[in-house]
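See the structures that follow.
Next, two complexes with chain A in common: one pairs it with chain B, the other with chain C.
And then the complex of A and B:
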């Protein structure tokens, strides 16, 4: 794409080439290396603990992609995205537990993959439903209407009604062996890790392809100025709804994926704070950047893990005062989150993606500075 | 197929019957839709035009011209930026057995009128509204001019003159004629002979009115062939056409070489984006006047000054290595192993990226010609690893006659004659040339023709000699070799190019013929000095004001001191002043190819010259300047004069 620095002698005769992926050998080699690290390097090196950290990163990426799409590319501020993750997770769980699947589908291990897809669609539709007010309201008002999704879906519908299905009480437990993809029963962090990689890659491909097409350009036009977008002939409401659908769709994938990592799901897995957290991820990563979503997710998850490790280290070293920190880590985590957001807003308002871009430019512009 | 083409060019002499249209016809039919003939950058992509499309357009334009009444030998003029349509029009004019005449895009109305009138132009191709306006204002004064053809519809809605016709309409007329007489185009093309006039080329002329040189098909084709015998090009090379077609160098590359070898000609989006567009394409071969290379040097120097410390250090190290190795090669000394390792290091660390930024990554041969280039610039490019070569030529030999050979480059010479060309020095020291590319004569100027062509030798009016290695050394134009009052000679052009190596100085004019000392009038580079002033927090509002600031004088003085270093006492600059404006071809101070018109500026700035040789600190200026559209502005200012202690 035009944002990439291309070496001298690289030119395009057609728009398809102009928008092509990985246009130079250097980028191809770089991406090959990345895939080797992801598919071979990390599984070989990482232990169970770090694999689970990676899985959390992947879950955060899947969740944040939708938020990035809405806020970063379409300019629709959302603070209720966790609700659609919940819709995805519950749809998938209910389908697995309650739906009368034909035996051959269960044997083939297709029940869970199909449920992911259906969950994504259901979440997408719910997202559109709660996105409808965006046709009328903007900014702060939209924040409030999206927050309504959280309260109506999670706190009301799921807690009060959906959770009662099957008479299990609050939590749905997922018996071992029910989460099966093809011949593989997803029962270890390593298997979850590979599933996460595949889903993250598919979701990112969907996002990038949408963004470099007419749809993506329409979204960006709406983000930059919805009135001029409309004047240019873009059906603003239609594209806003499409943005909500795709965001909900990817959110549904995220939720449906996450149940593979859990023994049981309950509404507490999808608190309102998680919506806020996802917004924080894209602010830190960089608004309006796919790279930023990934960087932000890695940063937020890994920083919190490292913080926890430091506190544990302090305990091991015999600092008694660290004990309450450890006990109340959940609150420490939220305090740290607040601080990090403040710090980023002040010192790095363009996010990590901008740093990355600058670092690349340092070498692209070598031996000059512009 | 590509290989076969190379053989075709390299092995056979060009038969006398071959014409540019015949070659075009053969090439287009053998390549067809398989190969891209040209590309134009439009809306962000390089829109390809295959040989088939090229052929169809040329055919229809040519037949359109015939339907309008073009007859053998009629003149067709073209004016506009470098665009595929320009080349089509030229090729169509040749195919229809007309003669092509190119005008500089930024020509003033008087110049357009002179050339259109003098050449007896019957049809004029103008790119868009701007060119059409120029043509309209001279239409009544040029009785031979019949039709004006325009192409870009922007702003053309309210033009209804019946002698205006759009390119689209012309093509439609051509298509009609093609349907009625399907063999007409081929017949026209094959009627031609190599000795017929192909182009009427107006020389820029530093001294007098432009003269129209008549160039035959054979002239043009042999020129391209002989140049490519020295430095072969390939069919899958890329070339960027961004210099005016009215400059013979561009014709040589686009037509003489381009058509024979069939490389792809790329046209930039706009003249302003050409540097960026060149970087995208990364041409394999380049030919540009020194000014372009000076511009590149300047941009590198300025960016270097603005780079961070660590980057600067890397650059300095790499250029030190580069200069050392380049000097070894210039002196034909062996490059030892450890210097080769260092050279590789410099290449990997800096020069590779540097060439990438300048769009020179893929350049096999870069040529400079048309004016003198300073050794500083020349060494600069070789230190970067760019194979820059001097060439010497003129419109009257359809391009060039002398060029550097690979590994045999001396920056004070212009190289050895190309195959088929004899170069001799007369007893007076004048350079004379004989080759199949020597022109037919000047149009409607028998006297000048006899002056230039004697016994088949082209007299160039340039002085020079052939050195011990067989290289031709060209002195500056005869009138430009100056002597001080005490008889010590100096070369003003050498000093001027030396001064221009400073990024802050865009143009320089050295005075001192029959005077007591040498002085200089300088034009600062507005953007570079402006940026420098911004960083120093100096306030200025315009070029005249900036140029007269004492701080800028200090800066320029430092640059002159640097240029004065290691020069003999007699050749040093003693006094200088900054001009209140940049030298400009629109004011007739430079030729269209941007050579200084010394006589003219001396007259125009007589006050300044006098003040430089009097005891004045300032000189008062009261003058008018002319804009391209004919408007004039009045300027009143004081220029300060500064003396250097040498």
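And then the complex of A and C:
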């Protein structure tokens, strides 16, 4: 995390102050502005389409936070995170559909929030289960075991068994009105947007608070060198498991949140490609940075939307050759994503967060850049 | 007993194809240290190229040869454009570039050839099965196995007896030493990718002959990962044995476990087995054990 630039003559006297949230008036004003834009500006300005784009960004942030925690802060590469999103989504859906909720809970609109919480915990436990090999293996071998998590959970357990519960066939559809938070029935993009904002902000607060505590420092020590971390007296296995739990927890929140946006969930919503996509997002944003997670999510989602708009524009302008491009947009998206990842890795390995940091430093130090 | 024998023969024969693809993977890893996650897409590309030439009326062997040539060119291009710049970067960076490549290749394949299942028409191998005593073996399997075996022998001879192969072995063994005696490391990296592309292309063509060709053949290509882990990442004989073991494992699970766990046991068994195996023997059967120091 980058250091905060303090006004001249101001010094910290305690370590705790060093890690304070918003240390200067400028930052406070900046954050207030950000909140105003997020909570009032965007809902006022954006139409349905851009709100849904924002929701996708939020979902990507929630999903990528867990990956960022594992890869960026604990050094455990995971290529199967979509599985835990799927666990969260399915747990929450099954709880809503099958669990005999007491009537007063349903009336109070607590059934869905409680199911999100339980789903997050279940996803966390699953994540720990598949993180267990990390006690013994690391690096490439760990990548393979997390890949196995994806295939075992999504392609086997969920597709073959969980989907059979209740005899609904492949897709679980949620009747309208079942997704209710407090007095609000989540049925429009705007309501999903506000729920997304709250969840993203809570998750980011949890993450940042964890990272500036003993736990976060232990994770970073493990990432930098696990053997020396062990020598320093950190219980490596315990902290790795904790990292997997928190990552799965946030992933579970992401999955359980996303069902409010989907009319029906099926295993196809959580393919292996999505796990890779999440890893790509944090690599583009910047590994080891919360800012990076957010930047990467915004960048990837917006770039893809813009690409789609360009192709639609070409169609409108009467270019017939653009039609197959529009039909096969999914494939173009994949190819473009691949190229973007390769390009970032080769030319910009530090990601967008590094550029952000550079720009910030430039203006903080302006006009004397030393 | 018959079921058992059938399973063994089919397993070994499919495993032979996996072994061929796994050999390509191990080659890249040994020579340049790149852990390649795009292997599935390499099999796809080779398979689709030879299929399109074959359906244009080119004889099978010739279209296979053309796909080898195209694979060679693509391999060198891939190495030069993407991976050449990454020498000395962290492992995750390189892995993610191969992931990016796999996205890119997959998107391109889907754009060019679509997602429908295609079959080699007219069928290349005769349809009536081959009988040995009680055993019934599809000719596709038999010929694929023989072809894979032949190529394996060719590759192994290439490494043992040719100048290029020896240069590649030297680089894999100790890059510094190889550089100092005048081996061009860049040439070796390019050659490794070219050979991997070619091996994967042949593997893909053979796999496509068995069940028809669509995007899911990429998943079969992904099965090389369990195979190389079983054999040890940097061992050529390990790759061959691992490939055959994965083929056997898959077919045994399909034959015996499918009754108890209906659905896709066959698809995930290699990954389950690999996860468990890693817990006990992280360096595979013949892999080098790395000793870590602070």
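FYI, the second predicted complex is superposed on the first by the 368 of 370 C-alpha atoms of A that agree within 3 Å, B and C clash if a C-alpha of one lies under 4 Å from a C-alpha of the other, contacts with A are read in each partner's own complex, and residues count from 1 in each chain.
Throughout what follows, a residue touches a chain if its C-beta (ideal position, glycine included) is under 8 Å from a C-beta of that chain, and two chains touch if they have at least 3 such contacts.
The model shown is predicted, which means the values in this text are computed figures rather than measured ones.
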When the two structures are laid over each other on chain A, do chain B and chain C clash or fit?
fit
Counting residues of chain A touched by each of chain B and chain C, the higher count belongs to C
For A:212, using the defined touch cut-off, is the partner it touches chain B, chain C, both, or neither? Pick first, second, both or neither.
neither
First (chain B), second (chain C), both or neither: which does A:291 touch?
neither
Given the touch rule stated above, what does A:19 touch, chain B (first), chain C (second), both, or neither?
neither
Looking at the overlay, does A:191 come into contact with chain B only (first), chain C only (second), both, or neither?
neither
Between the C-alpha centres of chain B and chain C, what angle is found at the C-alpha centre of chain A, to the nearest 10 degrees?
110
Look at A:335 in the shared chain and tell me whether it touches chain B only, chain C only, both, or neither; answer first, second, both or neither.
second
Just chain B (first), just chain C (second), both, or neither: which does A:355 touch?
neither
Answer with first, second, both or neither: which of chain B and chain C does A:368 touch in the superposed model?
first
Across all Cα pairs of chain B and chain C, what is the smallest distance in the superposition, given in whole Å?
26
Chain A contact footprint on chain B (complex, rising order):
36, 39, 44-48, 238, 279-282, 303-304, 306-308, 311-312, 314-315, 318, 350, 353-357, 359-362
For the complex, give me every residue of chain A touching chain B.
2, 6-15, 17-18, 365-370
Chain A residues within the chain C interface of the complex:
71, 77, 79, 133, 136-137, 139-141, 143-145, 147-148, 151-152, 155-156, 159-161, 225, 227-228, 231, 273, 276, 279-280, 283, 287, 328, 330-342, 345-346, 349
Within the complex, chain A is touched by chain C residues 35, 37, 82, 85-86, 89, 91-93, 95-97, 99-108, 110-111, 225-226, 229, 233, 261-265, 267-268, 271-272, 274-275, 278-279, 282, 292-294
